[in-house]
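Got some structures for you, see below.
Two complexes come next, and they have one chain in common, chain A, joined by chain B in the first and chain C in the second.
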Partner chain A sequence: MKHLSLIALIAVSGAALAETPRQIGDAYAAAQGGGYRATAARGAEFFARKFNVSEKMPACSTCHTDSPAQAGRHAITGKTIKPLAPVANSERLSDPAKVEKWFTRNCKEVVGRECSAGEKADFVAFLAEVR
Partner chain B sequence: MKRIALFAAAAFATLPAHADRLPIPADAPPAFAAECGGCHIAFPPSLLTADDWRRVMASLDKHYGDNAALDDRTRRAIGDFLERSAGSGRRTEGANAGNGALPRLTISNWFRRKHDEVPAAAWKDKRIGSAANCAACHSRAEMGSYGERELRMPGGYLSER
Partner chain C sequence: MSASRGKILVWDLPVRVGHWLMVGCFALAWLTGDSEEWRLVHVFAGGALVGAALFRVAWGLIGSRYARFADFLQGPRQALAYLKSLLGPRPEHYVGHNPAGGYAIVLLLGFGLVSGASGWLAYQEMGGEWLAELHELAVHAMLVVVLVHLGGVFIGSIAHRENLVRPMVTGFKSGDAADRIAGTRPVAALTLLAWASAVSWWLSR
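For the complex of A and B:
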């Protein structure tokens, strides 16, 4: 019984660490300031945009396909990339540090600069509502 | 198929035992699988020398055409692990093309010899994409296992021969 309650405790504390897409998006919107209101439509436009900064990775869709609900493929290595949308991959948008790491890396590579907190909030709003 | 069996027999005759096992050492920091395994499988450290890994880790912002920059602490933890687990000798020879290019474990003499029966069309297949995509064909690559019987080539290239 003691064993069971320990497992329950670990499960609960593990769940407490994970965040929801809403929480992660809200944190980015707050960081943007000025009462920023994220919209999924702006996030969708950003996802579809051709930045043409990187020759091998001109757009998000180069590796992630046109739909975040689909598995993608890394443009250089060929490795399969799990879907970005939480509806297809529940691990997505649950770990703020991981989300920020990939924004930092991929914005620099694909967009050619760091993304603003507002852009990240929009992107998260878009992914969260993909069905 | 007979030809493959013959090839396999020849390979086993000239290579030491356990050539198909390239396990990741148990003292790998958690960041190794998480970071290095993000865009490709976390490659076996023994396939490049310590000097090679030092060069790879010193230019992560220009990492084979991608930006793979890490924070300093993570980079040091992974770099230290790669250097202490690095290989030497036969399996690492030829990984440097010169001209200041970064080393590639996929161009070593050993890697080329192990893959010399893979037809050119397979390397160009979109489902494989690049020689760095080990798991496209080696179904247990993520577990450090590269046995011939575990091969699952997307285009069936080997069975067609």
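For the complex of A and C:
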């Protein structure tokens, strides 16, 4: 009994450590509720949209370039940013906590507010299908 | 040999300037930590904090009497005895840092240097995500020590009926003339400022 629960615990924590983009996107869609169906097209529009909240970082694409499969360049420091799309960087969209951390930080500064779970689901759907 | 009591110089300028430089840098770096727009300010502040911490380590070896580690680093038993005495009617009094405060200094310098090293390595993209995680861990540990330190200064000020913040600004405490330090060491303080600026500039390249 003890062993079984231990194995279950390891399985659960293993799943929490490494998830697929699909799982992460589904979790955001579920959080949005109302049977939300994420689309990559809405995510692409969001990625390119000029929010103009920050003068130096008006859009996601300011630092991350027009394609998430390319390496980006930090608008302030000039440092290289690894590609956002899992196709170019397998570490992306594998850790839900990290994904949420960066949504929280960057939405606040670039979008000027928290992003909705639906917007996050669309964004994940877009990144996951970029080739 | 009870000499005349009065205002005596205890903290030299490098101790005071370094202290408030670290306060300002920590606050600034903390506030700008999650921002990309303020990233360079964050890195400059962190760099200056590293410079101030490194200088403090050297000053702990060659500085004036109460700045030296040898003056305030004691065993954990002495630190506990000091803390216990704060509860009683006769709290142990130290002209310089008390032994519990000494531990705060070492921890703040240690966590400050680990924060700076991990932050710099992450900024230079040497090493993986674990550096960013170590950075956050060290910074949070440092915040905890900062809060404990503030609590200690507050409690100590009440227990000793002595404002412990003001001497960190003016350098002066009440005490025996025999216990005073000779001078404020202004050249060393200017060296500290130049050094911290240089380290900040170098680390943020």
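The criterion applied here is as follows: the second predicted complex is superposed on the first by the 115 of 131 C-alpha atoms of A that agree within 3 Å, B and C clash if a C-alpha of one lies under 4 Å from a C-alpha of the other, contacts with A are read in each partner's own complex, and residues count from 1 in each chain.
Following the convention adopted for this analysis, contacts are C-beta pairs under 8 Å (C-beta built on N, C-alpha and C of every residue); 3 or more make two chains touch, one makes a residue touch a chain.
Since the structure is predicted, the reported quantities are computational estimates derived from the model, not experimental observations.
A.B. asks: After superposition on the shared chain, which partner residues are touched by A:M57: those of chain B (first), chain C (second), both, or neither?
C.D. replies: In the superposed model, A:M57 contacts both chain B and chain C.
A.B. asks: Look at A:E109 in the shared chain and tell me whether it touches chain B only, chain C only, both, or neither; answer first, second, both or neither.
C.D. replies: The answer is both, since A:E109 touches chain B and chain C.
A.B. asks: Using the touch definition from the top, say if A:I76 reaches chain B (first), chain C (second), both or neither.
C.D. replies: A:I76: touches chain B and chain C.
A.B. asks: Should A:R49 be classified as contacting the first partner (chain B), the second (chain C), both, or neither?
C.D. replies: neither
A.B. asks: More residues of chain A in touch with chain C or with chain B?
C.D. replies: Residues of chain A touched, chain B against chain C: more for C.
A.B. asks: Check chain A for residues that touch chain B in one structure and chain C in the other, and list them.
C.D. replies: 56-57, 74, 76-77, 79-80, 105, 108-109
A.B. asks: Chain C touches which residues of chain A in the complex?
C.D. replies: Touch residues, chain A against chain C: 54, 56-57, 63, 74-77, 79-80, 91, 98, 105-106, 108-109.
A.B. asks: Show me the residue ranges of chain B that touch chain A in the complex, using the header's touch definition.
C.D. replies: Residues in contact with chain A: 39-41, 64-69, 126-130, 132-133, 135-136.
A.B. asks: How about chain A: which of its residues touch chain B in the complex?
C.D. replies: Residues in contact with chain B: 56-57, 73-74, 76-80, 105, 108-109.
A.B. asks: Given the complex with chain A, which residues does chain C contribute to the contact?
C.D. replies: By the definition above, chain C touches chain A via 34-37, 39-40, 43, 123, 125, 129.
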